[in-house]
């Protein structure tokens, strides 16, 4: 007779681990295939292809500028949204909306907002600001889709900062700016770094909004994802090279920022412990 | 008021120009001469893109002239003598087209044919003898202007000299038709040249 | 109810028969019904093909993208391209059967209705600062554009004004209609789909390339009969008439008649004396 009880005890963890292994394999297999489909020598030969180098330069440049803008403008916004006030939830929802919008919708939105015939089109033209199918347009598209990711994570990071520590700092005579820079930021740095990593990786991979709003021209606006799309029909080798490059790049970004964030977090946690023990 | 173009009118150009008789005679003589003269060599090899672009534009004009003259002959507004003249002009245009098509073929390209394009004319263009004459004068003026412009722009000497020959022929057509329409045989010391852009825009008005 | 062996085998038999029967029925029905086929067609055919036959499943994209997908084994039954060279290349590789021409088209320049750059002819595209949008050279309309510019010797100055290269013709249309660019090259049939949003400027007839569309049945198609039926539908009189109504050109252009006499009523013939 089969002992159902003992079978169930064995089966449940087995199924659990099988499901987990399946999920892991599903996520990892395409990445492994990308890196192993062609011999690495053939792929590295394509690295000198001007399509690849142009796309790399444009992607890095526009992502860096967009990231800087997101950090500079997003951090104050997240800090403000971390407080409690009327209408906060509405504002937070609005800010988070681009995360769930399909990139094509983001693209159309950018066109009707900042395009030549858009809401601000006339104003931009009058002020001499040119965001029509150039690198500035790429930066706008990348910032629009990646910014909310950073802001959302940053809000959570700022919310996690202990209000008492902020209060203690103010009591000890530090001004609001000094408190923010020397107390709040270091305490939130782990979350901020995680948000920044997410935003950077997302921005590097942006396709839909970029192709709609900024167009695609090699050497001007063709980022790495756009180049993959174009080269897919023309030369599969180049597309594979860029894809492999992408996997390595984003993995490095995510990993390094995560490690830096962890290091910062551990540092600030230890300094908090010493600070709180001293004050109490 | 409709009137038929008579032989006398074509040959003498009416009462106005007395010297027109001499010119018309020369014009006819020139027609006779070109019927015997050897066409220029069209095997010019691979030509630069600018020259080929002009050749294509000129082919467009030649096809238009051929189409227009064919309709003129079929309109029934010409008497026999003037019809003979127009028939000769039509033969000239066909020779021009053949030469230009050969030039393109020599560069490995295919020339446009009559089947590839539809020409449209102003509404009453073929209704009367007068309107027919007016249309022919306009087309010949455009063609002449285009050839003169081409002559100044084409880089290949062999092609440029052939273009000059064709330009002279078109000028002969223009004079004869102008006379027949009651106008002067010639006027300007330097007939107008057209830029490629203006010529292309003018040709556009006759294509659907 | 206890799952006895008899009941279980009966259930299995019923399921097998039903599935087998429905598959067989679909095959029988699908033999000549176009509802069972998938048609991969050029983006410019997006509106007209479903208007001719709404039954098949359609996938519209640039002809070169579709050809790439077919090469990688995509399940298409019919392939319709905006040129003859792409189907010919697939035929040479044995991926499709003999292609057949089914319609023609012309290229035009479109500008937004506001026409901010003041473009009135193809020569205006050489002006400095004009933002021009074209399809990339692998796309048929893109290669036709390059052909036109080469034939007019305008390639260098005009291509310097290109700000974006799209992956299919409808993207060019969308960018011009949205006012993002000053001008774009599309087919005359595409311009007709957005009346009032764009203004059409003709490409000179003497520089028009020969734009011929060709279609072919995919060799690996499991529905050859239905695929052939679809091809015949497009080539039929009704299909050709529908194409004409959307602005496509007939394979053989009929010559337009030119009136050499005014209409009967006002016609006066006077004999003149010589």
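A few remarks follow.
Order as written gives the chain letters A, B and C; numbering starts at 1 within each chain.
We adopt the following convention: a contact is a pair of C-beta atoms (placed from the backbone, for glycine too) under 8 Å apart; a residue touches a chain by one contact, two chains touch by 3 or more.
Every value quoted in this text rests on a predicted model; they were computed, and no experiment measured them.
Chain centroids computed from C-alpha atoms place C closest to the centre of all protein C-alpha atoms shown.
If you tally contacting C-beta pairs for each pair of chains, B-C comes out on top.
We define each chain's centre as the mean of its Cα atoms; on that basis chain A and chain B are separated by 68 Å. Taking each chain's centre as the average of its CA atoms, chain B and chain C sit 39 Å apart.
Chain contact summary for the complex, chain C toward chain B: residues 121-123, 150-155, 202, 204-208, 210, 253, 255-256, 258-262, 268-270, 272, 274.
On chain C, the positions that touch chain A within their shared complex are 64-65, 67-68, 112, 114, 116, 131, 133, 136, 138, 162-167, 171, 175, 178-181. Listing the residues of chain B that touch chain C in their complex gives 1-4, 6-8, 49-50, 52-53, 56-57, 59-60, 71, 74-77, 79, 112, 115-121, 124-127, 197, 200-201, 203-204, 207-208.
Residues of chain A touching chain C in their complex: 111-112, 115-117, 121, 132-134, 211, 213-218, 220-221, 229-230, 232-234.
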